[in-house]
Every structure is written in C-alpha cells, then in structure tokens.
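Next come two complexes, and both contain chain A; in the first it sits with chain B, in the second with chain C.
Entry: the complex of A and B
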C-alpha cells in the first residue's frame, strides 16, 4: 500500500503526460470555461438577492422576485459552476492518476454543450416563469432527461479513465471521484421519478427531495472535493498521507452513511418519526468518516510544517481550507441534528450558513485549488497574474467568512454584511474567471503539441 | 478489474440504499393515506380545495413565496411553533394528501403560513399582506394595478383565495384538537 500513497508523480515522464493532457484541452476549455461563466452569473444573482433586502434595492419586477433570483442562483452555482467544473477537473485528475489517454474527448464536449444548453433553458425558465417547489429540482420536467443524457456523456469519464487505466494504480482519490461520478446520475433519475414521473404521495415528495439534495451535496460534490483533497495533499506535500491504511474505511463509511443523513433536514416536519430518527443517527454515524478523513488529510498537513507549505502553495492553500470547511460543516451538521439544538436552528438562515460552508468554502475552494494546478497543464499556458490570484483568494475568503457570519449570527446585520460579502465574492470570481480564461486561451493550440497516437 | 466492479457497484448501492429505506419506506407507509374523518361519521378532512385556491397555488409556486415562508407547524416539544400560535396543533402528513406538490418550505424569513387562512380576516388584509408593504416598498406590486396598487389582478385574486384556504385547524385522527 505504501508505494501507492505517492499519488503525486513528479514530471519524470513529460511526453507521456502531454499525451494525456493535450487531448483534454478542448473538452476542458469548454467545460471549465462554462463553469467560470456560471460562477459569475450565480454570484451576480446572489448579489441581487441580498440587495433586494436593502431599502434602496431594485424595484418590484416579477423576474426579480426574491424566490426566482435565489433559485436561479442556486441552480447556476450547483449545476452550472460545480457541475461543469467537476466534469473537467475530475476527468483531468483521473486521467493523470490512471495514465489514461482519452480518445473520444469530443463526446465530453458534446455532453457539456447539451448540459449547458439545458441549464440555460432551466435558468431562463426559473426567471421568466418561476421556480418549482423543490430546490435543485426546480426546472421544466422536459429538461430532466436532457440533463441526465448530457451527464452520461460528460460526467462519467472519470469512471472510464479508472476502468481503462493502463497502470494498476489504485489511490483513494480515484475511489472518491469515481464514486461521486456514478452517484449523481442514479440520484438524479430516482429523484426525477419520485417527484415528477411517478409523483410520490404528499410529504413523501419532501422526503425524496431531502434525500436528493443531501446526495448531491455530500456524495457528488462533497465526494469529488474529498477526492481532490486526497490527491493534492499528498502530491503537494510530496509525502504519504497519515494513516493511509484507513483511507478505504474512510471512503466506504463516507459513501455508506452520507445518504442516510438526509431526513435530518426534516426534524419536526410532518413526516414519520422513524424517518427523522434515521436522519439523526445517520448524521452521527457520518462523524466516523469525518474523523478518519481528518486523520488522513489533516494528519498529513499537521506534520513537519505541512500547514506552512500548504499556505505557500496556491493549490493547497485553497484545498486545505476547503477540506477543513467541508469537515467542519459535517461536524456542525451532526451537532445540529440533535433535536433540541435543531428546534432552535430550524427555519433560520443556519442552513444557508451550512450550505455555504459545505458547497462554497468546502467544495468550491477545493475546485479552485485544483484549477490552479490543472489549467496550465491542460492548456499549456500559465496563470498570467499573481496579483489576480491574491485578489481572488482574499476576496473569496473574506466574502465567504462574511456570508457565513451573516448566516450563522442571524438575523441582525443580515442585509448589509450579506450584501458586502456577496460583492466581495463577485469580485473574487471576476478575478478568478478572467485569469482562468487568460490561462486557458494562452496555451499552444492543441493541434501543435499533440503527438500522433501510436 | 475486480476493484473496478466493487467500487462502482458499491457506490451505486450506497446511493440507492437510503432511497429505498427512506423514500420507498415512507411511500409504503403513506400509500393509502387519504382524507379521513376525525371521528365516526364526521366530515372528511382535509376539505377539498376550492378551484381558485388550486390555481392560486401555482401563483404561489411561480413567485417563489416558498423561499421565505414555510407551511408546517412543528409539535409542541420541537420548537416554539405551537407556543407562538402558528397553529392549534402540529401539522401531520394527512394534511397534505390533496396537494399535488407540498410546499413545506425550509426557511422562515416571513411567518409560517400553514394556518394563514385562520388568521386572515378580510380579503383586503390578504392583499395588503401579499404586497408586503415593508418600508414603503411593494414587493409584489406587479400583481396589482391602480395608483396605490389597490386593484388586484386575476392572479392576485387566485393567490388570495389560496392563502385564505390555508388552514389546519380541524381535528385529525393523528392530531386531535383538544
């Protein structure tokens, strides 16, 4: 097992690596480029929702109704930003780890294209004719099959890369990313079935919805982010993870327990008590993988000046913050599933704070960190500006901290601090997106560096 | 290759098991749940919704009211809903059986609306509530015409009918009124 821990490979094998990276360029450009656009759209929409809370906000137009802006921002963030970015990053990572040379990258591009067209339709429809009843499932019924088919084309490449890897390498990072990728499609189809195609009766729809949201948050997005954590921590520190032999236990317990935490978001709701109790028990059980993952990753970071080195690496600076936030949000979720604690927190903006910690400070920071490593490799370009990276890091970090403060320390000061934080996040994302585009487009064209297939 | 199969099948099973356990389990329990009288020979509850209210739910949905309002009252031991007079009894699953989609909601920026129909006294008050005249600003002014938004559109009328239909103040087998 020990030799497998050196998941990071030095660049001893340049030509082989470029044979892996070069064909990724076109799909990566499309997928990550769209991800960056969705991120900016989503932050702009979020900023509008906070501004509406101010007296001098924009007037009352139906398209700008609070619920519509919020739903559009949420969908743009989860499916547009995180979805597209993970298609690109997960594919890149597993191609790296398995030495996989993609042959039919155009399929990923086609999938990405349709994913984005369908999402544009969904977002437009949320703004123009309104959201549905269930967050993250609030788009036209007809869009479901298109999204599912596009995901199958664009999002399952990590699984192919793992199955077809010429090397026998088998790293924890691969398990998390493969698991996360197969999870989404199944969850999406089952949720569509339970809510639209064969609607479950009454409150059972709410149960199905809670399960879907949790699965997307924890398994698809969270699982992918953890995969990035497992890869980058040992790669950047150039040493094995702490107690790596526990990684497989961490992986399996995380995947087996995560879905059962769902009904913890329905404590006190008119759903059967036994279902609520499953959610409480699930949230507690999830502390097992949280501890093990913490041991693996934070354990490695805590030895021999690891945190210091993480701070000095652009990628690992983002990713270590991401891992800490993600684990913290899961620990807080376990605490908040206690019935008496939950009684006070439910229906407040606490859940928003939790999502922010999990999906933004957690998942998104991991994706940022991975992007700083992956983009130059794939495009052959380089990050044009160190200053922009600093602006991005500080604006995003302070914006996330401010938004978390506003959500957790509710409800006073909500409006102003939320608006300033949302503005900071938008600034950070503009800095990130503009340099990402510059990096993506500055490289040598794929055709010139791509060696012929042998 | 063995690795691969274990991994993919394992992850798929890990995803689907909670669905089977929680969602299919809940559906099995509630499959035959329908309207019922609180006691022998009483009227079936919840009452059928008036047609205007059914249309009004679509307006409520499409304007995203659920982003700020819940429609569920938690039991006395679980939060202060009953003490805070949001309802006379906790909400139960049977209250929602007639609803094509349930709008339980998850955040209360505004008050819970499960029993708004009990609180609302006159149509004029309901329309004022829909306008949300906070700080002199009308949130949903586009539903009205007239200089002071005093003339409700058809959608506003349907929405008001829906809001007035929201009540869980009848006795239910699972949650009798004392």
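Entry: the complex of A and C
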C-alpha cells in the first residue's frame, strides 16, 4: 500500500458513499430508532426485576410478577434492541463493503414495522398472560410467522448487498454478517416447527429449544458482532488484520461448532448422555475459532499501540471491549462445560453472568461502537454531545462490570449490587438513546443531501 | 475513520499512524482479498502459526473422539446418567466401591444448601462438618442422622446450633448414602474409614421407619470420640 494508492481514493469513495448512504436513511431511522426505544424499555424492566420488593402500589399486580418482567425484558433486549439494531447496522455495513446502493428500501421499513408490531404484541402477551415454557420462544403461536416474514423483509438485505457487490473481492466481516442473517431465519423456522407447529417429543423439544437459544446468541447476535469487529478493527487502525489468511478457517469453524455447543446447557438433565457429551465436545472445539479470531483481531490491536488508538476512538473503544468480552465468554463456556465444573455451577447465577458477558458486554458493546460511526454517516447529523458519550460509556461499562460481579462472584450481595448496576445501565442507555435520537433527527433529509464533506 | 463524527475524540493520534483517515472501505476489502489469495502477509517471513493451528485442531479433534466414545454409553437413547452402573450380561453381581467423587456430587446436590459446599455450616443454624467428631468414628452415627434427620440443640467448639435436619436419606439409595458419608468422612480434614452400602442397609433395617433423632438419643447410642 503506497502513498499515492491511498490518496485519490477517498474522494472517489466520498461521492459513492453519499449515494450509498442516502437511500439507507429512512429504514435506518425507523429500525435504529425502534431499537433505542426497546433498549430503554428492556433496561427499565430489568431494573424492576432486580428490586427485591416492588413499591406497594404495583407489587400486588400479577402483571409485575418477576417471571413476566424478566421474560419481557429478555425479549425486548434480544429481538427489540439487538434485532432492530442489527437490521440497521448490518445493512449499513454490507452496503458500505459491497458498494451497494439499495433500491426498494421501503421493504426494509415495512419489515421493520411489522417486526416491531409483532414484538409489541408478544411482549404485551408475556406481561398480560404470562411467559411460555421456552425462553426466547414465548410468543403467541400466531406471532411466529409474522416475525419470520418481517425478518425476511428487513433482515436479509445483507445477503442481497453481498450478492450484488460489483467486484469479486470480499472480506471476513461480510461472511460473518451474511452467515448470521441466514442462520437466524433458518433456526427460527426450525425451532418454531419443532416446538410449536409439529411438536416433537418432550426431550427433542428441549434439545431443539436449547439449540435455538444458542444459535440466536452465538450465530445471529455473536456472528454479527464479530463481523463488526473484523470491520472496525481493520478500518480504524488502518492496517490489515493479523494472520488474516486464517480468517476463513475461523469463520467456517465458528459456524460449524457454535450450534453443537447447545446441549452443554443440558448437562445433568434427563437428556441422552451422547447428546450432553456432544455439547461438551462442541464447546471445546469452539476454542479453535476463538483462538483464530483472537489472533486476527487482538493480534492487530496488539501491534504498534493499537490498544491506545482503540481507546481514543469512540467506536473502537466500545468494539474492542465487546470483542474481548465475547471471546472471553466463549472461553469460559468451554471451561464450564466440563462435567465436574458444571455440577457446581448448574443452579447458580453463573449462566446469567455468561449471558451478560456475551450479549451485553460482547454484542451490545459492538453495536454501540458501530452506531457511533454509522449514525452520523446515514443521517447526515452529528453526535451532539461528547459529555453524553462519556456518560454512556462509563455508565454502561461500570453497570456491566457490577452486574457481572454480582452474577459470577458475589451472590450474597446480589440484590443491592444488581440493582445499582441495572440503574447505571439505564442511565447509560438514556444517555445513548437521547443523543442517538438527536443525531438521527438533526441530519438533512435524504433529498437535500449534499456530497459528504470533511 | 474518515467519519465526520470524529470531532469528539480526545487525544486522537495526530501523526505517526498511516494517516488519520483510516482505511477507506474499498481499500479495506481489496487489501484483505489480496492477503486471502496470497495466504501470506506481505514482507512476512515463514510463519509457524498455521502449523500450530493445524496441530491444535488435530489434538482437539482426537480428544473429542475419545471423549465422545467414553462418555456416551454407546450412543444409547436410554442412558442418562454417567454414574449409573453399567449392566453387563456376564459380569456377575456389581461390587460396591465407595467413591468420594460421586459422594461430592451427591453432597453438593443434597447437603450443601445447609452445610455449605465447604462443610463449614452456618453459625447458629447448621452445624459444621469440618474436622467434626460427629462425622468421624462410628459410622452408624452419621448414617442414622442422614437417614432419619436430627432436631435439637448441639454445641460444637463452644458455638450452639439449633438445627432441624430433615430425613434426607429416606429418598436416597443405600449406595448414594454410602458415597456421601465416604466423602464427608474424608474431606475437610476428616480422616475416617469409607462407608459401605451394606452398612447403610443394615442401619436402615435396624432403625426402621421413625422420626428425627434428638442429639441426646444419638450421643447415648454412639458417644463422640469413638
């Protein structure tokens, strides 16, 4: 990469970028705006679940039973926040990487609209009539097809953007995001079929459910977050990833083994031994992609003051924390799948801590980081306040650390520390969402967008 | 990043890096495509990394095969418990062997909620099992308490415990109680003999169906220190 190769290109990129970004504006506004609203709802509900006693006025209503609030918060977080945000961010990312000028972007908006309507229905029904037996599948049966159809409209755009890329070149971020998007739809349809439409026998239902949950966590959410990691680490540091030629092995082994880790959550339950053992083996084999991804991303970050530069870039600061947490949670999962270790952890809040590390400190931090880069580009606005960004970063980081401490290390202080952490997270999310709305709405409408300037 | 949102980044590097611009997206994809095609980063010598990765992959795969074969009971659909004895057609009667590891698993599931995983108990309520004379010595004492439970005040090392232990052992098999007793009698500084399932069966038969013991009743039959 010589100097003259690099100069000259940015201008060409600029004019193309605004043509790519402008038509993304409407769907991005709708999807990311809803994501921010769901994030606030979910963190408010989580705060309620950490309080040992609700205020007398509302504590007596069954709508506010702990199980219902917890299930509603989980659905709002996974499908509402992470789902909507990834629709927007994944579409944006693959449009950038594939030079894709979206046409018929209204389809993404319609899909997002129905996704959110169905989700509102689901969340309402969890609160009003109680959650079902299967976490993350506790919807009214009729909502399944609506969610699947709206995902097909809103969530498969990365595949289109990848298929229509003008050059034969491709990059690891594209594989992860395309894989994540396709896998979710398949897993969702299969899980709906195995659990609801044509219910399999009891044990198979439990296995199918655990597989679905793990696929959503590791492949849809985790895979998308890894895609963001591959993109932003290389882009912000302006250097190729370390040992990049191993990235394709990392990708295939990750997608191959992640699904097989599911039965590790069933160790010790009345599921045939060989299925449990496959979960153990899957969790250990997942260490191969964990190592390779660590080599690619953390290797690049560890050279020439990369961590320092990551800290000084808002996007990469969030994303490098996210990648480290995500990889750490997978390594811990491999350790915890050992049968004798698992026997001691099975009925503790350990799994809660694992989910927090994976879904919050991992995936959500990556989405935050990507949002700080993507929102201004798509909306044409600016982040209005540096102070709000600092509040968001520190409140989220300390809140996540406190919640992880409560779940992993200190069950006796659980109540108090959890409540304080949940309050911190809510503060951070309010700071994030309010500035995100300001950034989304402050920009120029798509019709008047002028070529980007710097 | 060549983004306009960079204005809030404090202390961002002003020099020394390959331009404050970062990679443009087109450049990013192109460079990595090239590396993936050439399988070697430019200006890099021979690398051990791929060989180590292949080695690790093979080692993990080998381990995975061994683990699956040993922990799947022949992929039988009706095998659920790794600790269940395997029935062989010609093996004759199964010989019992007290196993502290199995005992630990059972202890964590059945006893640790009160006596704590460390065996330290909870002052005032649940007596400790660490270096306890109640645990050591005559094995009938611990077996009786596990099977029938014990209610009443006990004083250990000057601390009083007013506990109410239910008849946990009624729901457990002789072998399971023997494993638990063996584990408790060998852990946390205790060093007493292992317990056989036959002893448990004998005690169970001797005491029959009965309510909880009082501490006095147990001590009269089995004084501490033997």
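The criterion applied here is as follows: the second predicted complex is superposed on the first by the 429 of 454 C-alpha atoms of A that agree within 3 Å, B and C clash if a C-alpha of one lies under 4 Å from a C-alpha of the other, contacts with A are read in each partner's own complex, and residues count from 1 in each chain.
Quick note on the criterion: a contact is a pair of C-beta atoms (placed from the backbone, for glycine too) under 8 Å apart; a residue touches a chain by one contact, two chains touch by 3 or more.
None of these values were measured; they are calculated from a predicted model.
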{"item": "Chain B versus chain C as contact partner of A:262, first or second or both or neither", "value": "first"}
{"item": "Touching partner for A:354 - first (chain B), second (chain C), both, neither", "value": "neither"}
{"item": "Which of chain B and chain C A:252 touches, first, second, both or neither", "value": "first"}
{"item": "Partner chain(s) touched by A:389 [first = chain B, second = chain C, both, neither]", "value": "second"}
{"item": "Chain B versus chain C as contact partner of A:90, first or second or both or neither", "value": "neither"}
{"item": "Which superposed partner A:162 touches (first chain B, second chain C, both, neither)", "value": "first"}
{"item": "Chain B versus chain C as contact partner of A:190, first or second or both or neither", "value": "first"}
{"item": "First (chain B), second (chain C), both or neither touched by A:66", "value": "first"}
{"item": "Touched partner set for A:43, first chain B, second chain C, both or neither", "value": "neither"}
{"item": "On chain A, positions contacted by chain B and by chain C", "value": "170, 270-272, 278, 339, 343-344"}
{"item": "Residues of chain C touching chain A in the complex", "value": "1-13, 17-19, 21-33, 35-36, 38-41, 47, 49-50, 53, 56-57, 60-61, 63-64, 67-68, 71-73, 75-82, 101, 105, 108, 117"}
{"item": "Of chain A, residues touching chain C in the complex", "value": "1, 5-6, 9-10, 12-13, 17, 96-97, 99, 167-172, 231, 234-241, 243-249, 270-274, 276-278, 280-281, 284-285, 287-288, 291-292, 295, 309, 312-315, 339-340, 343-344, 372-373, 375-377, 382-383, 386, 389, 452-454"}
{"item": "In the complex, chain B residues that touch chain A", "value": "1, 3-4, 7-8, 10-12, 14-19, 21-23, 25-27, 29-31, 33, 61-68, 70, 72, 74-75, 78-81, 90-93, 95-97, 99-108, 112, 135, 137-142"}
{"item": "Chain A to chain B touching residues, read off their complex", "value": "55, 57, 60-62, 65-68, 70-71, 129-135, 159, 162-163, 170, 175, 178-180, 182-183, 186-187, 190, 194, 199-208, 211, 215, 219, 252, 255-256, 258-260, 262-263, 265, 267-272, 275, 278, 282, 339, 342-344, 346-349, 351-352"}
